[in-house]
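Notes for the one structure printed next.
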Amino acid sequence: MSTVKPAPDLEADPRVKAVFDDIRATRKSDFINNMWLYLAFDPALLESTWRDVKAIMATPSVLDPLVKEMLYIAVSATNGCSYCVHSHTAAAKAKGMTEAQHAELLSIISLAARTNQLATALQVPVDGVFDADRN
Amino acid sequence: MSTVKPAPDLEADPRVKAVFDDIRATRKSDFINNMWLYLAFDPALLESTWRDVKAIMATPSVLDPLVKEMLYIAVSATNGCSYCVHSHTAAAKAKGMTEAQHAELLSIISLAARTNQLATALQVPVDGVFDADRN
Amino acid sequence: MSTVKPAPDLEADPRVKAVFDDIRATRKSDFINNMWLYLAFDPALLESTWRDVKAIMATPSVLDPLVKEMLYIAVSATNGCSYCVHSHTAAAKAKGMTEAQHAELLSIISLAARTNQLATALQVPVDGVFDADRN
Amino acid sequence: MSTVKPAPDLEADPRVKAVFDDIRATRKSDFINNMWLYLAFDPALLESTWRDVKAIMATPSVLDPLVKEMLYIAVSATNGCSYCVHSHTAAAKAKGMTEAQHAELLSIISLAARTNQLATALQVPVDGVFDADRN
Amino acid sequence: MSTVKPAPDLEADPRVKAVFDDIRATRKSDFINNMWLYLAFDPALLESTWRDVKAIMATPSVLDPLVKEMLYIAVSATNGCSYCVHSHTAAAKAKGMTEAQHAELLSIISLAARTNQLATALQVPVDGVFDADRN
Amino acid sequence: MSTVKPAPDLEADPRVKAVFDDIRATRKSDFINNMWLYLAFDPALLESTWRDVKAIMATPSVLDPLVKEMLYIAVSATNGCSYCVHSHTAAAKAKGMTEAQHAELLSIISLAARTNQLATALQVPVDGVFDADRN
């Protein structure tokens, strides 16, 4: 179930085709996952989303590619985005995430959720030393 | 402002003192941040929280200590926990997070928040290949 | 799957029937969507919920009916409520939301999610000029 | 800092005065907390909010008044609503919440946040026996 | 669909078997729900999660067992955790939650979500009297 | 308090100056709000964020500028982003939002938060007619 319906021949639109071709080339795979098929109902939205995902997630940078996927999972699980948890866990595994790393990721993000809840329920005042403006 | 008030002499309670001593020894610092001062209103809650934070965040493991702090920041920012964002950003900097790493962390977690919102608003169906039960 | 089970003949209860009749009359349609069928396990909860949905969403007011549905989608997607995203996207389309408007709605709510994440991760101090108490 | 500014003489408006009088009578106290002072910028919004808070929170019902406040805190902390955490923790204490009950409340809601995160990150399938529709 | 796949013979691992045996003994039931089957991919994570769930939820304490389940539901619904809403609503019913209690729970947690939203959108300043640090 | 500290002379960096100049020109105002001052610790992040905010929020499009600000407020309040609620409420008022429109916005977004909570707690199944894939 979804809130938009992909057109029967998405790639008849040259803007959609150009993005899909770039996804295939970047990932070295013919597979286009549903996120892009559904975003294609609006070529401009598809283009701007892919532009940024490619720039941030598929371009060498200061953080390790697997770390980037784990950060993505952390946010996606916290936001309760089922699709994103699935797609980025699959991506992290494809980039070599072991079961031990997966388990540790889960330990950390569930610990964070727990202490976030405690700090908020206690309304703990922020320590002055943590303020970057002060230093 | 907070919802509990730390006792004037917290360490008069031996259970609290034992936890605080362990925090100081583990971190090699005399500083005890507010989270622990406020949790100390209930020694059992203080003990169980510190036990798990120590085991997961302050014990060598398969993930790098800085990566663990960045994952903590990712969850804390997504949950909107001001205290936790401050304390774990300070911790990440203390573990060597550079400005470039910090900026990239922000790029990734804000991109994730954006595509989480898109996937949820579109209700994109999960691709079958992402299902671990299937494989 | 759900956490309550609708009774086999919901409208045997006159309070439920009265609400359902008002839903049909207000919407000029015989269709009652699942939200109301499941809320009917408690007639008082059904009545108070419908009373407010009708007053706020189905009564002419200062905001345009389509704008109201788009605001509902914005909150529902942010809260990750799958049911609500589906039902209010369908309602927005029924009120004339075009594909271009839908795409722009998605652009805005995903941009907001992204900058929310940035502002929270940076803990940006609120500018004094934004304070209504001051003016 | 706030996004609206209370008028200098709020109770000059008879609708506002009527609500404030009812708050005072219901709570047997002259104190009106900020939530109501700021909601008063729109008398209709003030009236409908107070009507429901009074009906649900200040009227004898099947749940104990203290339990109701603890449920309110649970939701408010999870939503990260600082104002609501403060006001409902104060209300719970006024209704007799002990430090031991407060600590246990925090233990439960932080445990729930943690296992919520685990279940979402694992995307655990719902067991068939939990489905009320099936039974 | 899930992000990990339970091994075919989970209880071949003695650590997993020990936890499952304790779950069965504690709950006086042979049924092991999916949460534990999926957590078992990492015995240490399974052990630490069950240890805390047992200590907090399945051990007599100052709060009533049904109240504890209702608090769990409140957090789980707010976090949008479908699995947790299902499992803890089933647990609450098993502990005697009536339809009237269930309906009142829903009234309270949905009222809280609504006033949380109002307080946040208004950015209502916290009243000084709510500050525990002050008293 | 914040997690980064703006440099004393931000506009000494030509990339930062170029963005700030464009913000001033676009908004026809000399005022640069804190969001941009703090984002400037990383010129690339500043540039990409402003590029998208300008394209989506400050460029004529199919939705009315005031409606766009109200959608931004809806998401920001739901995410609990204090800074964003303040800045976009100020922006909405600058674009002509009346008190009546503001009050109605609050009514809708708080109603949505409430029914989101109900739908999630009930786990209401999505009606088949809402599925865009089906039609």
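Letters are used for the chains, namely A, B, C, D, E and F, taken in the order the chains are written, and counting of residues starts over at 1 for each.
Note that in this section a residue touches a chain if its C-beta (ideal position, glycine included) is under 8 Å from a C-beta of that chain, and two chains touch if they have at least 3 such contacts.
The structure displayed is predicted, hence computed values, not measured ones.
Under the contact definition, chain C and chain D share the contacting chains A, B, E, F.
Shared contacts of chain A and chain D, meaning chains that touch the two of them, come down to B, C, E, F. The angle of the rotation superposing chain B on chain D, based on CA atoms and rounded to the nearest 5, is 120 degrees.
For chain D, the chain whose average C-alpha position is most distant is A. Distance from the centre of chain F peaks at E, each centre being the average of the chain's Cα atoms. Copies chain A and chain F of the same chain sequence form an interface built mainly from equivalent positions, shared numbers / all numbers used being over half. Here the CA centre of chain E is 33 Å from the CA centre of chain F. Centre-to-centre, using mean CA coordinates, chain A is 27 Å away from chain C. In chain B, the positions touching at least two other chains are 1-4, 45, 48, 52, 75, 78-82, 85-86, 89-90, 100, 105-107, 109, 111-118, 120-123, 125-126, 130-133. Across the complex, chain E is touched by residues 73, 77-78, 80, 82, 85-86, 89, 105-106, 109-118, 120-123 of chain F. Within the complex formed with chain E, the residues of chain A that make contact are 80, 85-86, 89-90, 99-100, 102-103, 106-107, 117, 125.
Chain B contributes residues 1-4, 31, 33-35, 38-39, 45, 49, 52-53, 56-57, 61-63, 67-68, 70-72, 74-76, 78-79, 81-84, 86-87, 89-90, 98, 100-101, 104-105, 107-109, 111-127, 129-132 to its touches with chain A in the complex. Of all the residues in chain D, the ones that touch chain C in their complex are 1-5, 48, 52, 126, 130-135.
Residues 1, 3-4, 41-42, 44-45, 48, 75, 79-81, 133 of chain D are the ones touching chain F in the complex.
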